[in-house]
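One structure follows; several queries about it will come next.
Each chain gets a letter, A, B, C and D, in the order it is written, and its residues are counted from 1.
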Amino acid sequence: MIIVLKRETTEADAKALLGKIEGIGLKSLYMPGSERTVLGALGDERVLGQLHLDSHPLVESVKPILAEYKLVSREMHPHDTVVRVGEHAVGGQEIFVIGGPCAVESRAQMVATGEAVKTAGAQALRGGAFKPRTSPYSFQGLGEEGLQILEDVAGELGLPAVTEVVEVADVEAVCRHADALQVGARNMQNFRLLKALGQCGKPVVLKRGMAATVKDLLLAAEYIVSEGNEQVILCERGIRTFETSTRNTLDLNAIPFIKQRSHLPVLVDPSHGTGRRELVEPMARAAIACGADGVMVETHHAPAEALSDGAQSLFPEQFARLMTSLRTIAEAVGRTMSLGAGT
Amino acid sequence: MIIVLKRETTEADAKALLGKIEGIGLKSLYMPGSERTVLGALGDERVLGQLHLDSHPLVESVKPILAEYKLVSREMHPHDTVVRVGEHAVGGQEIFVIGGPCAVESRAQMVATGEAVKTAGAQALRGGAFKPRTSPYSFQGLGEEGLQILEDVAGELGLPAVTEVVEVADVEAVCRHADALQVGARNMQNFRLLKALGQCGKPVVLKRGMAATVKDLLLAAEYIVSEGNEQVILCERGIRTFETSTRNTLDLNAIPFIKQRSHLPVLVDPSHGTGRRELVEPMARAAIACGADGVMVETHHAPAEALSDGAQSLFPEQFARLMTSLRTIAEAVGRTMSLGAGT
Amino acid sequence: MIIVLKRETTEADAKALLGKIEGIGLKSLYMPGSERTVLGALGDERVLGQLHLDSHPLVESVKPILAEYKLVSREMHPHDTVVRVGEHAVGGQEIFVIGGPCAVESRAQMVATGEAVKTAGAQALRGGAFKPRTSPYSFQGLGEEGLQILEDVAGELGLPAVTEVVEVADVEAVCRHADALQVGARNMQNFRLLKALGQCGKPVVLKRGMAATVKDLLLAAEYIVSEGNEQVILCERGIRTFETSTRNTLDLNAIPFIKQRSHLPVLVDPSHGTGRRELVEPMARAAIACGADGVMVETHHAPAEALSDGAQSLFPEQFARLMTSLRTIAEAVGRTMSLGAGT
Amino acid sequence: MIIVLKRETTEADAKALLGKIEGIGLKSLYMPGSERTVLGALGDERVLGQLHLDSHPLVESVKPILAEYKLVSREMHPHDTVVRVGEHAVGGQEIFVIGGPCAVESRAQMVATGEAVKTAGAQALRGGAFKPRTSPYSFQGLGEEGLQILEDVAGELGLPAVTEVVEVADVEAVCRHADALQVGARNMQNFRLLKALGQCGKPVVLKRGMAATVKDLLLAAEYIVSEGNEQVILCERGIRTFETSTRNTLDLNAIPFIKQRSHLPVLVDPSHGTGRRELVEPMARAAIACGADGVMVETHHAPAEALSDGAQSLFPEQFARLMTSLRTIAEAVGRTMSLGAGT
């Protein structure tokens, strides 16, 4: 950590701060300059955090040297983590595609959509039972009934089930019904939920928050891993910017940036990342081209009837085309992608 | 709601959509143009939402006419809502100031800081027991012990206690210890928590999320009010933008914008809104000047020792100066501000 | 255009506004509702702009129906525009790659870098002679001397030269030396410059501004085309967001969005779009995967010596690898890419 | 400057870099740590810029210690700069208000609006002759005819004239007609224009760009001052964010932040900063309350007829009320404000 002191700091003030740094067992450095004095503190920045140097009235700014996340970083763990979801390995050689509707609406809808997802060759089935919706007047999901439908339909199709959990109190129930638990963008910094998922023993798909930096996302993952669960799959789903032609701005820069700094697998959600059906396929291709380990895509057997996010849901035939198109890109970047029973 | 159809839409397609609109009892309008056909649907947009017209493959865009929030809007409720916190009225003639540390750290800290807050003349005491922190290695709060300390110290000082609640399971406990419950920026769209607070019977201070539009904030308030709790106080605390010289960008435009459209009281948090101690007083003045009903300000008896957010916490003497300075602005805009026992 | 009136508007007020709309020869519509009266005005929105309806005190909001850009839209011009730069066609079947340093620094540097660009198989050579730099203390470019060096080196290599123009007064000189003129992000809304380029008769590479929406970019292109120059190539180069791990946020959503709405070719600049050398190749791949017609990439024979943007400049061997890698993606999406003399 | 090296850097590599730093006459520091080696380079960061250390393949990141702007900083020039516009001093004790229409439309319009501005007591008259407009189909200004009208009307009223310059070639003409030249948001980084204004001898009102950080704004001012013109007045006018309820997000945090770090006067433009007439007065009050030296406000004798920005233009009676209201705030913060001949 580099500590830039205010102009008015005396040598005695600086020395007192150096004493504090050494007092917690860290290596300190003293760099008096003509315009500013700068201090260095080398060692674990988690320990340094305890000094709260940024609060000191003589400290102008504090610049960290090392990343604040540790367990999820490649420096601590150089090899790729591979997370198993059902019989698939996420983060290895093979591309992983999760398809399904935004929300579980009925058994008939899940059967129709699930069959299309399976036929197209996707690796997992999604469907939300608890829906966080901006307006209280929007459809809020079927709750536990939805979980049961998802489990049943996924089971019949032989696909692992992925679904969102929004509340600590639901973690146990969701674990009973699903193969992987998803944390939505709005809950990326629901730290209690993250800690509970750190103890749940199931894979977690952690979506990036709308205002979260990559560092925030990695620190959120650190919450889950530091509680003992290493099965974390990150998911880029777009951030909020001034651009209004798309629902969010899909930040694909984040994919190679994260893959270089973290060992965790990374998916992309081009459905929320664009909010427009006609942009989903090209952006899914771009995701695989820049190194994502897979995509999560919304599809519905009848999007015009969908109770939520219909405008970004693919028609079944679009989803099937997407799968074929992704396989070509996967091969172009040296990955593989099976189209399952569907091909 | 205005529905713009795609170019390729036939008259028959358009008529079919009009039938759907009329089928749910709304007034429809048909506007064929030379380049585009436009449909109108007049009536409660909450009902219109059921049609999911934005998902229809022939619909290019859907433009709402009326605000999606209803209960919190001035159109439904033209007069200012005044929320009572302790013996103070928030949203009336008088300016309301909440002071205190970011986190409850110990009884001694709360006594020292609380006395400074009381002496300076603030109307309420804050202090967090459950701290949502970006990094798992940061101080996470004292939990229920912190709630007890806050309640005790506030009680001795005769100030109402305001504290954050982060989880549905904690609502009951927090209600027992506090006079008003705060929802933090990261939980603004934790809809389960909002619903639980809608039934808790206590005033709620709802902070704007870092990526939340004003509309999102008002819809989040609508969740609480629609569950039966009208005692909602909104709080602007800065949004996330590209500007890095301050921790957040305090969006004061939102204050007069909200006051013109909603009847709910609005506070400003210049501590999180700037992240810099030396900007807190000027921005608190600006908040009152543009119509805020009060401010929430972090102060600590010894900021350099604070376990969280020390860099933005005022020293006690700065907090006292802030109070005097705010009273002058309050009077300049025709409001009043008591400096309590402190003057 | 849809005009939503304020609540207090009387029928007479509304009728007066309708009269104004009809007075300029447009079709008007009157839609009285229970909560709001809405007016419609159908016809060319450029004419409607003359009424300045958004300024009217009784108008709450105005919502356009049609895009404000016309000449650059697919509706007016359904087929892809193909722009010729040197002997290459941009916007057709073939991928177009512009390589070269950020700035022309010396003849030796341009020769060394230009040869690497040519050998790797790129289609054009770039190099800036006039450098817009955030700080007055940074290298500002060689000016006309730089233009001459670029022209000479590109000529010897048989590559077309692309360079930035920052000022109306320079347009003529730059046209003499270069095959295509680039408008940088900071000048995207320098409308005088755009108008001058609309009359220069050379292809223009128009980069998106850091705060420009896709609509702003298309309207900027409309300035050039409306002055008579249809040879416009758009270029996405990242927008400014809260994310600080990369220099900008590359908005690849914009590529398929623009390709669906405009007939103009679109390039991507992954160098400025990421600001980090190690992210350039994956993001260039992503660009081609989602439909870009080519990329513009910074490379330098010795990046550690570069006078500007060295941190994002590829080493020659990285640039060569990028070219090979892009060809694989180009083929995966059904495009072609020649590696020129270099292969 | 602090230079963090990559993990793989050897001691010999680090020493070579230290040699480079010392080679340009700066003080260097070597800080080997267990996880990273960190170098320090103390001295003028303008000189350090020449080393391009951020381009070096072994450099992970470079963190400046001192601000890159010098001439505009308080460290170099601790006392407030006061800029004279007409007979008024901007940046001193008195609040400075510029009023007038967005664009000069006709002599009659300028007379009617100018009289209202004068009567209300404003200190200067604005009006644009060259209008940068997002769409080529919008009114582009009257050009030199507009400059003449502005000069004539301002002269008759005895008010200094402020108007925008968009192009180096126009600087001389604008200087002949106006008392102060304004650089609009879209030209804040038109560095050629800034340099020309650095030699023009007239006061310059420099507006912040829509995507410009405070640091970018100060570096743009540094361009003007470094060419010899110290008469620079900064102007905050809102930045582009995800919030769409207002045209821009007025960043008032920037006011006290800049006032603490720079000696230049700072104005606020609440008209562009909000884009909504009904928010202008409260935000102008907030601007003065947090320390702005004045405001620039759009007003029109008949806003519903305005050829540009009518939706944010005040009616004359609103402008007069604003002036009275601002004086009260000015006095509350210990400033003065004359209401000129108007009171």
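Here is the rule we use: a residue touches a chain if its C-beta (ideal position, glycine included) is under 8 Å from a C-beta of that chain, and two chains touch if they have at least 3 such contacts.
The shown structure was predicted, so the numbers you read here are calculated from the model rather than taken from an experiment.
A.B. asks: Using direct touches as single steps, what is the fewest number of steps from chain A over to chain C?
C.D. replies: Counted as steps through touching chains, the separation is 1.
A.B. asks: What's the farthest chain from chain B if centres are computed as the mean of the Cα atoms?
C.D. replies: C
A.B. asks: With centres defined as the mean C-alpha position, give me the chain B-chain D separation in Å.
C.D. replies: Chain centres of chain B and chain D, defined by C-alpha means, are spaced 31 Å apart.
A.B. asks: Can you work out the whole-Å distance between the CA centroids of chain A and chain B?
C.D. replies: 27
A.B. asks: Would you kindly tell me how far, in whole Å, the mean C-alpha position of chain D lies from that of chain A?
C.D. replies: Averaging C-alpha atoms per chain gives centres 39 Å apart.
A.B. asks: What are the residues of chain D that contact at least two other chains?
C.D. replies: 211, 239-242, 244
A.B. asks: Flag every residue of chain A that touches chain C in the complex, lowest number first.
C.D. replies: 211, 213-215, 239, 241-246, 249-257, 260, 273-274, 276, 278-279, 282-283, 285-291, 328-329, 331-333
A.B. asks: Over in the complex, which chain B residues touch chain A? Could you list them?
C.D. replies: 46, 49, 52, 54-57, 68-69, 132-138, 140, 166-169, 186-187, 189-192, 209-211, 216, 219, 222-223, 226, 239-240, 303-307, 309-311, 313, 315
A.B. asks: In the complex formed with chain D, which residues of chain A make contact?
C.D. replies: Interface residues on the chain A side: 2, 4, 7, 27, 29, 31, 33-36, 38, 40, 42-43, 63, 65-66, 75, 240-242, 244.
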